[in-house]
Every structure is written in structure tokens, then in C-alpha cells.
Amino acid sequence: MSAASASADSQDWDIDGDTLREECGVFGIYGHDDASAITALGLHALQHRGQEAAGIVSYDDGVFHSERRQGLVGDNFSDRGTIERLAGRSAIGHVRYSTTGGTILRNVQPLFAELAGGGLSVAHNGNLTNALTIRRELVQDGAITQSTSDTEVILHLAARSRKPRIVERFIDALQRIEGAYAIVALTNKKLIGARDPMGIRPLVLGELDGRYILTSETCALDIIGARFIRDVENGEIVVISEEGVESIRFSERRPMRPCIFEYIYFARPDSVVNGKSVYAVRKAIGRELAREAAPEADIVVPVPDSGVPAALGFAQEAGLPFEMGIIRNHYVGRTFIQPTQTVRELGVRMKHSANRAAIEGKRIVLVDDSLVRGTTSVKIVRMMRDAGAREVHFRIASPPITYPDFYGIDTPEREKLLAATHDLEGMRKYIGADSLAFLSIPGLYRAMGEEARDEASPQYTDHCFTGQYPTELTDLAIAGPKRLAMLAEAD
Amino acid sequence: MSAASASADSQDWDIDGDTLREECGVFGIYGHDDASAITALGLHALQHRGQEAAGIVSYDDGVFHSERRQGLVGDNFSDRGTIERLAGRSAIGHVRYSTTGGTILRNVQPLFAELAGGGLSVAHNGNLTNALTIRRELVQDGAITQSTSDTEVILHLAARSRKPRIVERFIDALQRIEGAYAIVALTNKKLIGARDPMGIRPLVLGELDGRYILTSETCALDIIGARFIRDVENGEIVVISEEGVESIRFSERRPMRPCIFEYIYFARPDSVVNGKSVYAVRKAIGRELAREAAPEADIVVPVPDSGVPAALGFAQEAGLPFEMGIIRNHYVGRTFIQPTQTVRELGVRMKHSANRAAIEGKRIVLVDDSLVRGTTSVKIVRMMRDAGAREVHFRIASPPITYPDFYGIDTPEREKLLAATHDLEGMRKYIGADSLAFLSIPGLYRAMGEEARDEASPQYTDHCFTGQYPTELTDLAIAGPKRLAMLAEAD
Amino acid sequence: MSAASASADSQDWDIDGDTLREECGVFGIYGHDDASAITALGLHALQHRGQEAAGIVSYDDGVFHSERRQGLVGDNFSDRGTIERLAGRSAIGHVRYSTTGGTILRNVQPLFAELAGGGLSVAHNGNLTNALTIRRELVQDGAITQSTSDTEVILHLAARSRKPRIVERFIDALQRIEGAYAIVALTNKKLIGARDPMGIRPLVLGELDGRYILTSETCALDIIGARFIRDVENGEIVVISEEGVESIRFSERRPMRPCIFEYIYFARPDSVVNGKSVYAVRKAIGRELAREAAPEADIVVPVPDSGVPAALGFAQEAGLPFEMGIIRNHYVGRTFIQPTQTVRELGVRMKHSANRAAIEGKRIVLVDDSLVRGTTSVKIVRMMRDAGAREVHFRIASPPITYPDFYGIDTPEREKLLAATHDLEGMRKYIGADSLAFLSIPGLYRAMGEEARDEASPQYTDHCFTGQYPTELTDLAIAGPKRLAMLAEAD
Amino acid sequence: MSAASASADSQDWDIDGDTLREECGVFGIYGHDDASAITALGLHALQHRGQEAAGIVSYDDGVFHSERRQGLVGDNFSDRGTIERLAGRSAIGHVRYSTTGGTILRNVQPLFAELAGGGLSVAHNGNLTNALTIRRELVQDGAITQSTSDTEVILHLAARSRKPRIVERFIDALQRIEGAYAIVALTNKKLIGARDPMGIRPLVLGELDGRYILTSETCALDIIGARFIRDVENGEIVVISEEGVESIRFSERRPMRPCIFEYIYFARPDSVVNGKSVYAVRKAIGRELAREAAPEADIVVPVPDSGVPAALGFAQEAGLPFEMGIIRNHYVGRTFIQPTQTVRELGVRMKHSANRAAIEGKRIVLVDDSLVRGTTSVKIVRMMRDAGAREVHFRIASPPITYPDFYGIDTPEREKLLAATHDLEGMRKYIGADSLAFLSIPGLYRAMGEEARDEASPQYTDHCFTGQYPTELTDLAIAGPKRLAMLAEAD
């Protein structure tokens, strides 16, 4: 998450910013005849990780080709012309949420730089916690920065390394940065993947037709029929070349501590993240939640689509019927961007509508994945009541979010997090439910298959619930998110 | 369905045309300050009835304003400028599937004509079965036709009526046409609704802030918080003016015979069509199907999203777990329009992917709403097997489709309907399932709440399953769907 | 000029509407392999006759193809795809000024209709003086009108003719209309040209590779290397088919009375109109003007580009040096459409700038083609003085415009014509010149090669100077230009 | 001229690349309330110096705003929204020719960088002759280069300077570079102008409402009514701040040696460059040419528009009538980009057409500004003959071009320069004229007001005619113009 990133997202008609956003998804393939077309497909499968912009860089016989566009992968990387311009047998790609206002196409990745040893293109998912600090040093030392992205910092560090080979320069750079990152990088000879020392953001290694792939989630392997090989380890660099795959450790070996929000919200349910099925985890979360807080009720209703697996698990555990009490309108598209006041007031109904026949007169358990600001929950509860629900019991398939993220999830400021400012009863009143319950931290870890949270060395990055951040937060001392200039570029 | 309509639809990434398409949805409101904004919202809720083009005509103090666009409602009718250009307190709107190639914006509705007595704008859902015949007579008599739509025929007939008042002229026109139609029309004084003598296509009357609304489905009332009053009857004209609502019958009273496909596939599950909840009907269909053909299996998996309610009903009746074994990618957008060969071969995976964790090693019951050409089913079954399903039992929540439609549903030619050319075992082999079953006609009528189908006078328009068409098919003698010229207009 | 036409034109940065506009240019070719490409080139050469929209209709083996676009010909009809969609060996095309606001693409020509005997496409330059009257009758009789253009009236009249053959129907239509027109029309077998009984608007017959061409000006023949054959006569229909060219008279033979403004302003200087070189006429006008009103001065400066030939003639006759004292910026494009206030105040300088080195300290004769509202002249005189001109003597290469046009020239209302409301001294004061002179009517006729104007039967249509209109003005009784609805269409 | 710049230009329909191109024009204003709107107007007046892209950077209260677009200034910088986004009281702007293929928006200027001491934005007209050499050193030392423009090299050099103040850093940078440049730069406190030690590219200082302006040509002052103060001197830096104008010399004082092509071709005729009226110089060139090589002839015809002043001077000196024998079509726009073969063959006629009435049967002197490849001249001579010219005497208002430029003019490779490979008679035969003559070098210097060319220290940069380059050509040893990667960016 760059410092200039935005909290609003027109894509999902999220007027209130009442949601979490992840910045990016990455994909790379080495040595395949259809490298760019496959990268486009992989990015399409990762579209849920970033819908505002996408980019692909390919390498072909001495030349790097680049196409970076605002909008969906399918709208921008599906025509033959674009794919043909991205010639070459190796490519990396990136999807992202974009920044405020005019959107800075300069920040769309992959970035590229010509270093002394050759070209280097980098795509990055995650956020560094010392990028501003390093950027300040770089500028002091005569560097020119063109974008506001963390990724450019990595390029600068690699450019300034005194090591002769690009992989070594890249490692030099990684050893300077802190935070969360899953990176794919392309040189004129190699495809490189790297995952931060905690393994906060996901990165997997796959294979198609004997050619290696690096990508954020297994669903991007599935779409092209590729085979999953393994997760890239925390603190590991994977270097793919004509000689095959080489693994290099750039930080000491320690237990992985992946971001638990990938399971709760971000990853696609059909992905397997760090060896665990996201769908299975969400169902297990629903079951734990039912054990902890199943009310007297008639039916279980998910907030679609992300609440569906947890609601299924809840319904199965609670022995209640599962019903699609809320219908999602899938045609919202990139629409109603400048809504009239009439539209704005309708809010959530643009995307969701009550299925009156299913809920009228019923006591319903409403299952959602998380509670951020609560503004959407208010509207959904009211919509359920308007449609005749007799009782509305709200169940949240995660613990209360009380701390902001700094690792690539776009969370509101702390004072806007409902759970950071209200107790349970206060939240219940605010959203207007008859009862409200969150999954407990122990319940969450049970759903992950752990006996308990290891308080000394937690198995997952879970600071949004606990305040325990996995790394230093160096930049926090200097940052103000709006200081970086040149934002209004309408490229 | 106009004669020139297309069977392919890029919107849903339906490469093979293996689906049914409905041409239109309509909406109209009389006397409301936010007439155009409300119409846009209503059309947004009807977007599932037609995603290629949309139009709104408003009437303001002597002038009719019109905006007609290709693309989604939300992308085209959400900005303040467009809504402000559509000034006035009455408006009608239309969403539609579009025609071949360059798309004929001339065919985008509502259409408009100045008649001797004033302006008349018409939006139409359905298809006439004698439009070509009438068009031929009109041209012979000196009329100029600008579009290829049936709706223009209605305008011509009204224009040529010798009656003094526009409503009378409109009735004159309706008495010449045959087929299926739900029409909303706007004059400088009135909003008019009309439904064909069989009531094949739906049309409902609603109310918001004391102002009347006419629209295709109740979901368009729900989105704006309007109240459902009643269905417009078959053979009824509803005339809304400052004096209130006037009802006129233009055909003899007879039992309604609505299109059963609205329940099976077209209408949104949260709509109530002719007094029946679509969601409830679909669940009932699933239950009937389970009673008729539940196999030994481990889980029930819907083909999302349209198969979900029937699969829920099936799972509940069969006592099997319901699982989201297929994940839908909601970002397909209007995308991959000119796919590379690599993409084309991937076919269904652009939109659907297997949730391996849920289905691996399982015997699954796959529930889909209908079977048209079967090409998509082949791919879905193969995808399930690739993801490790042990057995795949395909269950279709409707009877076999063996006849084409002529009333506004875009069905393939008969020889491309799988059930018209294969027996059950042949179909099973074609799609590669371990077993295959369709809902029976009696089961379908039971799910509709009937004891049995009335063979003499069927309660529903069901010719796609039975070959019993509800009206004359006058044009069938002369039509060839491609004769109308001037198609390549890039307006 | 249709009733809904606009007086403002962003193309030439004419903020004040201080100019005359002609509505159209037409082109047609029969039986040539490159029919559409050649039509596009011909329209490009006619671009000065209308820059807001263009259209081409071609006929190919039973099907009419149509492409109609807003903007320049070169921007819209130069790519291979568009030309290939316009398949066929015969084509007609049209350039036009467009209408207010959203622009009505429905009004972009050529229009098309299917008549009983086959398709008929029509492109029209000129304006009818009884179109509204006929339109009113047509609507009364049940016709539906889709556009507001006069051309549609012709189609309706042809459609309603009881004659069996299309050419006969077309003649029937022409015999009902009055006003100015040069028409090219295309049927499935023929290319038809027609010129009104006065020959007000120009139309010429040419030939390329043995194939016939009809077009507004000879410059459209020159661009494609075609040979000029002859002018189409007033009251003549030319029917081109596989059998060759057939000439039919549809009105009694009388002397031609072409629009004199074609020579003064509209036609391109390299065109030969009705046998006279436009460039030569303009130079002759300049010479006459010098004879009538040459002041003591140092140099002659044209207002570019239209004033150049007259200024050359003036300079030669007066024995004064010709100097480019005003430089035109050719990059204005379709630009500064929504100018800021700062820009608006700069007005004329966006397009013209003073060449200080040429005019400083000089007594200059400024030669412009015509004076309409005078607002631009004010600015140009001031610009000359700001650049140091010692004296500014304004000379207008036409008589004072005191009456509006109704034949296809877009003139302001009479009260906005400077010469209709001011005497010579008043005009001089208004524009701020040291002296002002117009060409006299006798001088104009001398420049045309006539001894004198035939007052009983003028050799040219010159009502803007004389008030003597060449035809009835039937519509004037009923027209109000703004009554026609449905203008805001953003097609 | 960057190494990657293109020789083709669709703007002027220059299919053959038979023309010279200049890369840029610059404009800057300090401390004015309408800074951005005025900059847009200034750039509009400089549009002839670069039509493919434009950019403006403004500074407002701590933030630099930037808008960079492809296309004409008027099409991109005229709407209120764009101007409002460019808030602030100081701004700089740039127009440019663009690069190959997809156009690299990264190369559109002004560029911007945050240096240690604050932001620096730079716009640059000209070309450095050691940019590649410096770039190579920079990359070796860890710099990341984002664009392929020379301008970025200046930013890097300033960034790496160890001087504390930005103006000092900027001077450090200038002292490292060689070649031609007129630069405007903006910091958070100052507007800076700089002109290379030879003064090859022009730069003037002006004033409006007491506020200072720096720009390439005086025509950009005239459009806004600003007052010309003086030329910036060669080797001078002008620093404008709240304290007024400060002048700093960064190279030893020596005679200026401005590019003579500004007079012959590039500058607008109404500009005054280095104290000389461009229009007056061109007329003087025409007179010299007439003295040197006036043939027996009937009329003098300019190749419009750039040949007009020389043709006027020629006609006056030779005592021959000046006639507009070639008419230019001003609507070519950015058009016919993908011409069909039919169009391509027509070549020059898209833009120019013969005025047959003026030239038929005449012996004509055709005056053009320069001869590059000669391909257009061939077509124009043929067009004159096709239109009936009896004799065609071609006169070129400059000496033969025999050497390429490296200072910001886009010349073809040497082997494509007609005069570098043919003698006079060979050229005459190639273009098909009856006679051909160029202006002599002495004639050119006389037209400039010099007695003779100072062979030891020429008064003008004239290497294209003489091969005497004014600076070192350091890069020539290493350059190949196509090595820079990442060109296909479709930003």
C-alpha cells in the first residue's frame, strides 16, 4: 500500500469506504511461448486483489515491452494487438487498486529501470514500513523519484548496489527494506520471486508445460491448468532461469507468520494459501462462530459473496437452513461513479437487495466476513427489517478490527474502525441488530487448525485484531500520507 | 426478440452461445420529481434482462428528451449531466440485448414518434409474431421504417389509426399485433402500460411517494423502495394520468398464461412474478427434482449463480450438504471480447473455477437451471473431474428444451438444442456426466403449485418444453431473420 | 438548413457566430471498385462545406451499408475497417454542419428508407421552404418522422408515391417540394442526382475510370483525379445506371439562378462553379472593389484565408503591395470547446494574430469576404491597431447582407445582421475602421462577368443583399425553429 | 530531439517524412493568477513547434500539479477542469513531437523530480549532444532512468549536484551538458530560463500585468497581449522570483550563433527571433532568390503556407504576379492515420490541390521553403503539370540541405537528403521541374542582413547547409538511435 493510496473504491460501489482493500496481485512466467497471454489470464484470476489498474511487462530478445492500463484485465489485456505487442517468452504482471482522483498511471506496475547490468522490472504486492525513510535518504543522495510507490524504492536500492550481478543487487535491496512483500521481478535472463521474512503476503510456485510460474494465489494457476508446486518460503528468493529454479535465503530461517486476512477476506475461496484451503477455513470459521454464538433463529443468511462459506459452516453447525436472503446485483460494474443524490441515498441497494420471500417473518442470522466501519452493516440490517425479518442476529466471521494495517491492506484510520471506538453493545445498537457477535481470537486460531494462538510468536499476522505488529514501523514517525506531490496526472 | 437479434453475448463470456437470452426490461414512472433518476435505478435492477444497451425518454413541458446508449445502465445513466438532460416528471426506460456486429443504436429503445395528436414514446419487452407481415403491409402503403424492431411497427400502427386520441390509437395498434409484449408508453399527458392477451411477459404496477410506476419485475420496485400494487392483467391497458389509474381491457378476459421461463431462468430470484416468489419456485423445483432423481452422492453443488436456489432445495430435500464447489469470477465484465486462441480454449474457466478443496474425492450432484446446447455443461463436468470429483451427477432444474421460442427469448435454432437431437443417454454421454436427469413436466407444474398441467389450456407458456405455442406464428411463413438491411451502423 | 440547425460552430473558434455557414456537401459514385474510399476522399475535399458530421452509404449485392459519424471525414473515414464495412461498388456521402447541443446523429445523412420497390438512400445539400408544411401533412396522415431534416420529407414523399418505379417516385417527391437542393440518391440499381428548378445549390457530373460521379464541387473531382463533364442543370434529374447516364427534366426549363454566395464565400477557390472559377471571380471582385473604393494606403492585407483572392485582386488593381499582415493559426482544431473566461476574452487571437513587422506604421487596406454581425471585424481592426497600423481601411468583398437566407446558409436573425441595422457610417464606427466600403451590387455582377443585374429576372440568387427571394417561402408562416422535440440525443 | 524520436508525422499528412520537424516549444510564467490558462494559450501559439503532445506543470502552495497529454493544446488544455487542476500562480509548459509507435507519455514534458532541496520541473527545447554519454555514466552510478529524453539527464545531474541551492544545482547540470537548449524550469520559489552557450534555440523574456514570462517565440507573447522585453542571451540563466529578474552567466560571453532554420522554416512568421522579423527575413530571402535565379515566367506560386512570404518577396522583386496556385485543405487534422492504399497513392492531394484556373497555360515559379527528401516536391510539380502549367520553375528559399541536424531538428539520415546524394541537375530531373534553383549561402546571409558569412565564426548555426557543427558531437561515437527499450507503452 503506497502512502498515497485511496480508501474509496468505485468498483464495488462502496460509497462509505466500509471495506478492506488489498493493493495487489502478481504473476510471472518464464520461458513460455504464450507468456503474455498466460500472464493476462493469471491476472484475470487475481482480479479480486485489485481492480483499478493492471500491467504486464514482457522480455523479448533484448527489449522489455510494457503495457499498463487502468481498468479490468479483461477489458485491457484480451485483444490480440495488446498481447502481440507484449512479445517474448517471459512476462510478469500486476493488478492493483489505484490512487486518488486522476489516478497515477506512473504508479501502475510493473515498474522498470535500466540498471548498469541490464533492465529490471518489478511487480510488488505488499507495503514497506520503511519506504519513506529510505526514499528520503535516496533523494538526499541525488536520486530522482518518479512515482510514489514503494516498488520504486526497491529499484533504486538495486540500482545503487555495488554488486555486479542483478540478483545480488536485488538481494542487497531486499536486505534494506522492511515490511510485507511478495515480489516478482524480470531481468533479461531471469524471473525472480521473493517473499518477505515473515511471509506476510502470499506467493506460490507453479508449473505449466514444464515452465515455471510465480503468482499470488493458486487460483491463478488453476485458470490456466498449471500445477501447484509449493509456496515460496518467507525470506526466500527464487531465481528461475534456463538452468531451472534456484532458491536463495536472504534472511534467517524463522517460522512463517502469514496475514490472516488472506483467509478471512482477500484470497479467493478456491485458492489454497500456505497449504490451507481458503474455503475450508471460512467454513470452519462459520462452524466455530456457531459454536460460540448461535442464536435461536429460523434461517442463516450470508452477506454475499464473501460471507457465503462462513454462513454455510454456521448453518451446518447450528442445524439451521441456509437461505440466499440477499441477492447481489452483478452488473454494478464500474458504475454510478458520479451518482446523483437520489442514487447515493439508496446506498447498498445498488449492489444488494433483500429476497423478501425468503426472510419475511423469519428470525435470521446474518453472516458477514468482517466489520470495518459498520456503515454498510447498518444498511443491510435495515434492509432485512424492511423486508420483514422478525429478528436480525448479526454474526461476524472474524474478531473485532481495532488496529490499522500497514502491510498492503487499505484500512481506515483507527478512529473510523467501529470496533476501536465502540464496545459490543454499542456496536449492536449502531448497526441496529437484535444481537451481535464476533468470532473470538481463540476461535479464529481453532478454525486455522491451531490449538491456540502462540502469544509469544503468533502463527499469523493478526495485528488488526491484536495490535501486535510483526515488524518495525519505521516510517510511522515521519509519514503523513498526503505529502507526495504530482498527484493530479491524467495519464 | 427482433428478427435481427444476436445469440452471442460477450457480457457473460458465453463463447458458445450456450444460454438463453431475454431481450428486454421496461420501467416507467409518472409525475415524480426524480423521474429520470428513478428510472435509471429501476433499469439497473432490471439489468439481468438485457445488458447491451439502455435508453430513457422523459417528458418535460412540451418536449421529449431521449438518451440511448450501449452498455450498462450504471455506466451510462449515473452521471448528473445525463440525468439532468432527461428533465421532466415522467419517464420511461428500457434495457435490451443488442443486435449483431456494430450494434444498431437505432434499435435501442424507447422509440419515439410524433403523431398527429402529439408525441408517443414506446418501450417494449417481448416479440410479436406478425411484425414482419405488418411491416410488409406498411411499407407497401408508403411507410418508412427506420429500425428493425417490432416496436416501430406499433408506432406506425398507432400513427395510422384514424382515432382522435392517442390512447385509442394505441389500442388500435395493439389489436392488430399478436405475440408477447409488456409495453410502457409515454405521451405528453399519460403513462401507459399494456400486457399481451396471454400475459406472456410480466408487467407490474407499483407506487412510490403516491406516484405510479410500471415495470417488468418487482425487484425494480424494491431498489427504490416502491410498493407493489398488482400485476397488470393479460389483455389490460393501464392508463396513468393526473386523474389516477384507468384500466381498459383490449382483449376478452381469459386465463393468464405467463412464460414459465421467467421462473426457471430470467427473473431475478428476489422478484415476485404473477404472485409467486421466483426464489421459492426455484427451491421448490430443486425439491421436486430431488424427489424425482436424487442419486447416491456426497454433496450438492450449484452452477452459480442461477443454479443456487434449485440446488439449495435439492440439498434440503435430499439431505445432502450444499457446497460452493464452483467459484464465479465476477470481474469478467465486458471483457475478452477479442480473445486470443489461448483464451478461447480456456472457455468456461474465465468465469467459473472449481473449488478443489470442496469437491476432491466427492460424489457430487451438479445442479444447473437449464440445458440449451450443452457446450458449457461439457466444460463444467470436465472441470469438476479435473478437480478430483469422484462422480458427477448432473441435474437440470427444468424439462428438456426441445422447441425454439418466438416471444422474446433468444433460443438457438432447433437443431442446436441438445435435447431436440439427443435422447437422455445421448445427452449424458455428450456432457460426460455419470448420470443425468431433468425435471419432469408434472414436477415443474407441481413446483409451480399446480396439481397438474392443464393439457387443454396450459396454465403457463411452456412451448419450449412441449411445442404448444400460445399464439399464431404468422411471420414464420415469410421470415428469414437476416434480410433487413443497414445493419453495420456504428452510431 | 434544417429548422433545428445551429448558428455556432466550434470548429472555427467562432465564439460570436459571426460567420455564414453552409449546411452540406454531397458526393456519389456508381460502379467503381473503390466506391467508398473514393467517396471518403471526395467528402474530404468538400470538408469546408460542413465539418461537424459525415456519412457514407454504400450498396453491395442486396444490402445497403451505412456509417455516419460526428467529426471530420479524415478522422472517421480513413481507416481500412470503416471502408471495408462500406462494401460495394456504389456509394453516396454527405458532410454537414450539425445541430445544437448533443447533436442529433439521427440527422446525419445520408438517410435511408426501405420503400415498397426497394431501398432508397438520399443525401441533400440545401433547404426546403415548404418542408414543415409537408411534414405537418404527413404526420396528419399517419407518417412517423424520425429526424428533423428536410431530407426525410423527401423520403416520405417518395414512399407514398403510387408510382411503381423508384425514379418515378423520386420525381413525384421533387415535384412537391420547393426551395434549394442538390441531391444525390442511391437505389439498388441506380445513382440519381437532382438539382432544384433554380439551380441554387451546385451539383456537377464527373467521371473517373469510366465511372460516373456526382458531387457539389469540382474540387472533389480534382482530389481523385476525376474529369469534370458538366454541371447538372437546374430542374434536371440525372439517372446513372449500368446503361449509362439518363437525363430527365422535372421542371420547365428556365434560366439558372445559382446562389452568389458560393462564389463569395462557400465554394473552395480551386472549384469551378457553373462554369466560373471561384478564384477568378474573387480576384475580379477584389479588382472591382479597388475600382470603387481604393483608399490612400501602403499595403493590402487579407483576412485569411477566405479574403486572400479578393485582396490579391484589390492589390493588383490598386497597385499596392500585398502583405500577409495577419497570420492564421492552423491548429485550432476542434478545440477550446469549453474555454475558460480568460480564453474567451482573447477571442479572435486564438485563430488570427497580427504580423507586427508587416503592418507597424502602415496605412493598411484590410480585405474580408463579407460582413455578418461584425463582431469579428471589431476584433481584427483592434488587433491591427494594437500591432501599430497607422490607418485601417476595411473593404468588404461583397455587398451589405441585409436579409436572412432560407436555402441552406445559416445566417443570423435579421436583427443581428450589422448591415440590416446600421448605415455605412454606423458600421464604420462600430468596427472602428478609418474607412469602410462594400462592393456594390453592380460591381458584384460585373465581377461575375455580367453587364448588369437583370432586375426582372436576376442571374443569381442574391436575396441576402437584395431581399428578392427566388422561391415561395411557404413555411415562414408556420415555423418556429425550436418546436421539434427529441433534440438532446447523445447518440 | 531525443534519440528515439520519430521522423513521420501524421499531423500534416506527411506520408513520406519529407519535411523537417522541430521537437519543442516552451513557455513559463511566474506569479500570475491565471498562470495555467495563460500557459495553455502560450502553448497554443507555439503549436507549430510540436503537435503530438503537450504538458503543463504548475506550482501551488507546496504542491506541483502536472497534466500531460497527447494531442493538440486546444483539444487538451481548454476545459475548465484541466485548468483548475493546474492550480497555482506559476506554471511552465511544453509542446513536442512525439516518438514512435505507441508514443511514450513518459517522455512528454515538463518532467519533474523531487530533489533534496525541493521539487524541480523542467521543460526543454533542443537536443543535447552528450546526453547518452552522461546517461551511461549515471546508470553506471546507480541512477534509474524512466524516460529516454535528454531532459531527464538534466534532472539527474541537478539531483546529484552537491550544491545546496536548486539554482546552483541547475547550473552545475548545465555545465555538464553540451548541445542546444532553451529551458524553462520551475521550483517552489522560482521560474528559471536558460539558453545554451551558442543560443542555438530561441528563448525570450516578456511581461504581462507586471509578471514575467519566458517562452520560445514572441508569438506566444502576442496571443496573450504580453510585452516583449528581450531575448535571453546565449549562456545566460534568468532567475525569476518574488525579488524580480536575476541574470547569471554560466558560460563565457561569446557571439550568439542561433539556428538559421528558425527563420527559414520553424518560427511563426509573426515572431521576432533574435531581433529579426521572421516574415521580413523570409520576404528578403525571396527577394535574394529572385535576384539570383528569376526565370522567364508568368506567375509566382507559393507552396502554402510556409512558402508564402518568400514567394511574395520573389514576386515583388521579379515583378511577377503572385497567385495562390495551390489551395491547402485545412481540415486534414490528425487524420487518415491508417490510410487505405487508394488514399496513400493520392499522397499530397489530401493536403494540397491545384488551382487550375490560376495556373492553366502559365509558366509558373513555384516557391518552397526547403527541399528535404524531395518526395513531396515530385508530387507538387506533377500536380502543377496535371493542372495545365506550361512550365514549372522550382525555387527553394534556402540552400541545399546536405548534413543532418543534432540540435532538435528531426532530419532524415544523410543518405535520404536529396541534396546530399544528387547534384543540381540530378535533383531537377528527380522532381521533374523545368528548372531548379536554391538560394546561395551568401544570399541567405544577405537576407539575414549580413554582408557575408563569417567563415571563421559563422553568425548562424547553419551546419545543415555547411557541415560546420557549432558544438562537439560526443554521443555520435556511441549512439544508435534505437537501443532504448520500453517503447511500446500505451499510456
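For reference, chains read A, B, C and D in written order, and residue numbers begin at 1 within each chain.
By our rule, contacts are C-beta pairs under 8 Å (C-beta built on N, C-alpha and C of every residue); 3 or more make two chains touch, one makes a residue touch a chain.
Molecules present, by chain and UniProt name: A, B, C, D = Amidophosphoribosyltransferase.
Just so it is clear, the structure is predicted and the values come from calculations on it, not from any experiment.
Chemist: Average the CA atoms of each chain to get its centre, and name the chain whose centre is farthest from that of subunit D.
Modeler: B
Chemist: Express in whole angstrom the distance between the two chain centres, defined as the mean CA positions of subunit B and subunit D.
Modeler: 60
Chemist: Could you state the distance in Å from the CA-based centre of subunit A to that of subunit D?
Modeler: So the centroids are 48 Å from each other.
Chemist: For subunit A versus subunit B, what separation do you get between their C-alpha means, in angstrom?
Modeler: Whole-Å distance between the two chain centres: 36.
Chemist: Give me the residue numbers in subunit C that touch at least two other chains, ranges are fine.
Modeler: none
Chemist: Quick one: which chain pairs are touching?
Modeler: The complete list of chain pairs in contact reads A-B, A-D, B-C, C-D.
Chemist: For the complex, which residues does subunit B have touching subunit A?
Modeler: Checking each residue of subunit B against subunit A gives 34, 37-38, 40-41, 44-45, 47-48, 51, 72-75, 78-80, 83, 219, 222-225, 268-270, 272, 277-280, 305, 308-309, 312, 316, 321-324, 327-340, 342-343, 346, 349-350, 353-358, 386.
Chemist: With touch defined as at the start, can you tell me which subunit D residues reach subunit A in the complex?
Modeler: 62-69, 82, 85-86, 102, 105, 112-116, 119, 139-140, 142-146, 152, 155-156, 159-161, 485-491
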